[in-house]
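Quick heads-up: structures coming right below.
Below are two complexes that have chain A in common, paired first with chain B and then with chain C.
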Partner chain A sequence: MLEKLSENVLDKVSIDYLRNQVLKNAYGNDDTPIARLDPRVLLIWYLFFGLVPWFLGDVVTLLGMFIFCAATTRLARVAPLVLFVFALGVFSQTGYLLIVSILFSGSIDALIPLLVMTLKVTTCSLASITVFSGLDPDRLSNGLLWFGCPERLSFSISFAYRILPIMFEELQNILLSFRMRGRAPAHETLGGKVHWLVYQVKTIIQSFYPLMLNMAKRSRTTVEALELKGYRYASTNAAVLKIKLGSLAIGRNDILFIALSVVWALGCFALPHVLEVLV
Partner chain B sequence: MAIVSINDLTFTYPGAENPTLLHLDLEVEEGDFLAIMGANGCGKSTLCKAMNGIIPQFIAGDISGTLMVSGLDASQTPLGELAQHVGYVYQDFENQLVRPTVLDEASFASLNYAQPDYLARGMRALELVGLANKAESYVWALSGGQKHLLALAGALALEPEVIILDEPIAQLDPYHARQTYEVLRELNENHGKTIIVIEHHTDFIADYCKHAVLMNAGAVSWKLPAREALRQLDDLRASDIYPPEIALAARELKDTGVLDSGATLPTTVAEGVQAFAGLGFTPQPCPARPVRADVPAAVEFRGVSVSYRSVKGAPRQVFDGFDLAIHEGEKVALVGSNGAGKTTLMKLMCGLVKPQGGEVLLKGVSTRGRGAEEISDAISLVYQNPEQMFIKDSVRADVSFAMRARGRVDADEHAHELVERFRLTRLADRDGRLMSGGQMRRASLAIGIALDPPILLLDEPTANLDIATRREIVRTIADLRGVTDTVVIATHDMQLVCQFADRVIVLNQGRVIGDGAPEEIFHDEEVVRASGICPPEIYAMGAALDCRASCFDIEDFLMSFDAYRALAHAATGEAADVPVADVSVAETRTADAPSAGVPAANAPSAACEKEVA
Partner chain C sequence: MSTSTTSAAQAHKLMVFVLSMSLYGLATLVSELIPSVQVGIVEFSVEFFLFIPLTLAMLFDPLSVALGAATGELVFSEIMLGQFGGLGELEKFLTVAIAVYVAGKLVPDPRDIKRVGIAAFGATALQLAMSAAVDIIKVVVAVEEFEAVPGLPESVYFTEGFAFLNDLLFSGVLFCLLPTLFLAPRLYGKIEPLLGIKPRTPEDVADAASPRLALGAVVCFVLAVLAACVSKAGFSLIEWEAEWAESTGALVTGLAVAVVIAVIAAWCLHRNATISRA
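Right after this comes the complex of A and B.
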């Protein structure tokens, strides 16, 4: 049982899993309601839900916004690894303080500010995850382009996702080379385990040199191909930009989404006052 | 009308002492399907990059002479304008794909040149190469063959009149290689495109090309109709190009007087059937192959199931309840199209992939619970891509790495021996990546056998190599027959299979659909069809003359001719110097005297008729 569990955990930390999650994150959710929204709408939405919570102090309002962002994150079908990293991040920022204070003081006065802080961080993070992970890189870069981001940046985003799977595969094989030809220290004792860990970290660092050289070798063709495909030519041509952005269109779903967001946000702001009146 | 016309072209790379192209003249007619042949470093790629203006506009250098494409001066016309007349597909085509989805990639160039109908153009290009149903797919989800077609579609979208392809099939399995050439033929014949390929595979040149050019030291030696070009055996060999085996065999027959000296040399099986008609041809029995059933299994798969995570939807099942035993001392070839599970099978043996169900036994011990480091003492894997085996900054350090890690005191001496053995002494202190394809491959083999593993696995050892280098690697691998005990090679290269393997295992979609000696596999039409393997040309030639023939190399083929055999036996009576066109590794299976009971040649036996029916 224990062996099976440890195998399962080891399986999760493999490069293969990492590669799969990155791809899943970028392209595995292109048929969700969030992914089909116009990127410009989502970016504006993000400006609100990613920024405004920082300036709020009311627990109820924040809680409402948190629930909304959690729902959009759920809709965007974000990859598990991203959620895990997010959870780890929140916990290491403020979450652990929250738990520690619950365990040791139990006083509500100490809890509220911590809860507010945690909710702020969580809501903004979830909004970011929804937008940057729910949209596929191409639509995201088109959206950024519309807002006047330089062409190079938006191309880099989608190109990075094109090159990532190749890079992961390359890294995976290099690491396997190390594993097959190297000899990891025995790790039965505690000292052995430390040695083993140091060895693994060292291997990963050493893998970067061959990885970079292999990628550099591959990119020689890529650079020429970009030139032939007129990439440089296009970046100075306004007509190309117009054609590209011509594909963006706001539809019924976008309007629905905006309406729902506005109503919900207003509700969140109104709720504390309503509660005050009622209580 | 000439669509490409080159006059006195000379080009020198910056910093190079000698020009790569030297007073080169060439005219390519509109609608031609032209092959460019030549030894490594003779300037083929440089010439092609000059045609699309990359040289000298992107890669600078000293250039003189003129190069006109579609009436445009290639050295002056902006690359963007030129790209609409000349399309280019690289040898490492995967690195040419810069967009995430298929339709995006196909229409990217049209978009960049601000053509408003860019999507329609991309779609049209995809239809031309047969990828229209994949338009919405992601590039990483395509197979190697499909990626190649996509790179071609990307070039086609701008509707150029000329398409240049650098070694289009070097990375493809035989099935996809034919598919690519069929697409090119369609473009050439029905869409009026002029196709220029850099190509070494003479069988493809014979079947598809109209003309062929031989380059030598930066100049064009000759331009001839394709078939005639392939009959210039001496010129081709001088340029490290391996001429069609059928032509080589025919010339040997002419030289020894078996074939009429006035006959034209055949270059394809169809021509061969005519040329060799009327000659006594008696298939020789295959050499006995060792039977290994009683030998203990070196590797055993028991009910192995493996699936990979997919980005979307259910995991992709590669193996389900897979059983297989590989015995000690066997020389096994693992064949099957891309994606059949060959590489996964190898990774399973090394413990790099763990089975989700069942188990893999190495000499009777399960790999479960053992790390790859531990297993690597018993088994060694040489990757398809040698670059990924270079983890140190010099070849010598790479070769000795595994031995040092295991604290072997003689690591340095043994590494020195290996480096010498694989003829890498002069290069031993360089980074492996900076070497040529053949040198890299030799280095990766040296790394692979450094620990003297009892089981050696080679993944596509001859992929991406030009023919001359490939033959050299085949020889090197053949030499390993004596060194390592059990060897498993995953390959598309049937010549390698014929020269090396005792046993061929055919994989198709994670199942073994054929398992036996090479001749058994090649004779099994169903297996051949299902797996898309195609026997080497000389084998097909022999089989076309008599369906029972199993000729693995030119010598087997020649020895099947009654008259030739008689001459050879007469010669062996006096001297050991048998006239043989190609002395490779044939020694191991030279057929001795023919058995008495073989029926006369050219009289179709009952077995043949049955098969034809």
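Right after this comes the complex of A and C.
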């Protein structure tokens, strides 16, 4: 168990891998059918598929919506790491609950409500993966801005994607320099493994000290550069907003996508009743 | 003179916001990607990098740090990884923001180890307690036959209570209390000049009217619980409608109406934004 503990936490995670996956997710799939859609259409689409499943209780309807969301996620070509994190999240939200409640009651009755709940969680999460991972960050923040979201949020999204690679690299450099100067405890024995784990965690926490100082300098430079360009003035100016959002346009693909979604959703709602008639 | 002072203060607040957002965002992203280790039912995870905003809130303007940290978590670990959960995120946003803000307001002097420790531990406990309460309410609301399923209520209370204690004693002490005790006094007086800000004096946090603070926190928390409960309202609405007409027609119409309302509301928001900006 302890072997697994030390192995899982740090051995398998290379920071380069994480960085590549996140960047690939953000900028690597501009050419998918989902990424070409208008961000406003996708956000409204998300408003429906991310909210309505919570209010439904029918397994068949939920299953139909789940299939649709899974298909759009496939179309958006989401990075595998994101899907893995998603699967882990679903399990930790309801999967463990299923096991514990079976332990407590020992009956199978708990399965159906929990299956419904799992489907709800999965469908909503897949919808959000489609929208927020499928879209280019700049298009996403423009879409949010159009709906009147605070400028601060859309700035944060664009800024986050730009600063993340730099920060990852810096964190990695600091960790490596800690590793070069320090001496990791031997981890052949059980006690050694625990020491090693504690050492690694301590290193990560200590490396935030230089990271914080460096990031402070960087954020000062960023804000000063923004101020030079009149950021706080521009963020409240309607004319600037108009120029910024001028690139958004709804095309034929968007209309096709809306039509398909509406037809599918109506089909999902009708399906239980059709089944009822048939059976 | 006074306008240039407020403008400088605004720029400093933006700097603090950016600092807190990117640091906490990076940390939550990393912790989201590191797989957690399950030993039996006890989960050992590095879930919690709350020490970063806690430390920053004790050094800078607490409100900017709190908003920055909550936004950073939202943007880096939710939107970037496509894990945006809609209303559920509101709860996380508010609980993190409240906890960090309270911690920042409680510490007049970051060199005072005792106050720093109490504030860090208290804020962590506050955040965990709030999110555990919201989680319980959410499960009660989302599973229809909650009381009817034998063993489910007990199991939910048990797992949530256990997770609370586990998180507080493991993540809380290891990843919130100790790092904050380590970082806050060391960074004091070193990090502020880098942003061109004076180190904190007790007067900076003196305006913390504690009853008002408590009231604000309570109101925000109620808001978060309400957000989690919206699903219940939706439930009963549709059930009621289905009873009323007992046909798919009513259900579909109800949903179509909901979609139309959503679209119109979105439009209104947009118009509002453009008008207020013009």
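Everything below uses one rule, namely that the second predicted complex is superposed on the first by the 252 of 279 C-alpha atoms of A that agree within 3 Å, B and C clash if a C-alpha of one lies under 4 Å from a C-alpha of the other, contacts with A are read in each partner's own complex, and residues count from 1 in each chain.
Methods note: a residue touches a chain if its C-beta (ideal position, glycine included) is under 8 Å from a C-beta of that chain, and two chains touch if they have at least 3 such contacts.
Keep in mind the model is a prediction, meaning the values are calculated, not measured.
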First, second, both or neither for A:24, with chain B first and chain C second: first
Which superposed partner A:178 touches (first chain B, second chain C, both, neither): first
First (chain B), second (chain C), both or neither touched by A:237: both
Contacts of A:157 with chain B and chain C, given as first, second, both or neither: second
First (chain B), second (chain C), both or neither touched by A:217: both
First, second, both or neither for A:227, with chain B first and chain C second: both
Partner chain(s) touched by A:101 [first = chain B, second = chain C, both, neither]: second
More chain A residues in contact [chain B versus chain C]: C
Partner chain(s) touched by A:50 [first = chain B, second = chain C, both, neither]: second
Which of chain B and chain C A:200 touches, first, second, both or neither: neither
Overlapping contact positions on chain A, where the chain C interface meets the chain B interface: 26, 159, 161, 206, 209, 213, 217, 219-220, 222, 224, 226-227, 237
In the complex, chain A residues that touch chain B: 3, 7, 11, 16-17, 20, 23-24, 26-28, 136-138, 158-159, 161-162, 165-166, 170, 173-174, 176-184, 206-207, 209-210, 213-214, 217-222, 224-231, 233-234, 237, 239-240, 243-244
Complex contact set, residues of chain A against chain C: 1, 4-5, 8-10, 12-13, 18, 22, 25-26, 44, 47-48, 50-52, 54-55, 57, 78, 81-82, 85-86, 88-89, 96-97, 100-107, 109-110, 113-114, 116-117, 120, 124-125, 128-134, 140, 146-148, 152-153, 156-157, 159-161, 163-164, 167-168, 171, 201, 205-206, 208-209, 211-213, 215-217, 219-220, 222-224, 226-227, 232, 236-238, 241, 266, 269-270, 273
Of chain C, residues touching chain A in the complex: 10-11, 14-19, 21-23, 25-27, 29-30, 32-35, 37, 39, 44, 46, 51-52, 55-56, 71-72, 75-76, 78-87, 139, 142-146, 149-152, 154-156, 158-159, 174-175, 178-179, 182-183, 186-187, 190-191, 194-196, 231, 234-235, 237-238, 248, 251-252, 255, 258-259, 262-263, 266, 269-270, 272-274, 277-278
Sites on chain B touched by chain A in the complex: 52, 54, 58, 78-80, 83, 88, 90, 92, 94-101, 104, 108-109, 111-114, 116, 118, 138-140, 154, 308-309, 311-312, 350, 352, 354, 369, 371-373, 376, 380-381, 383, 385, 387-391, 393, 401-402, 405-406, 431, 433, 447
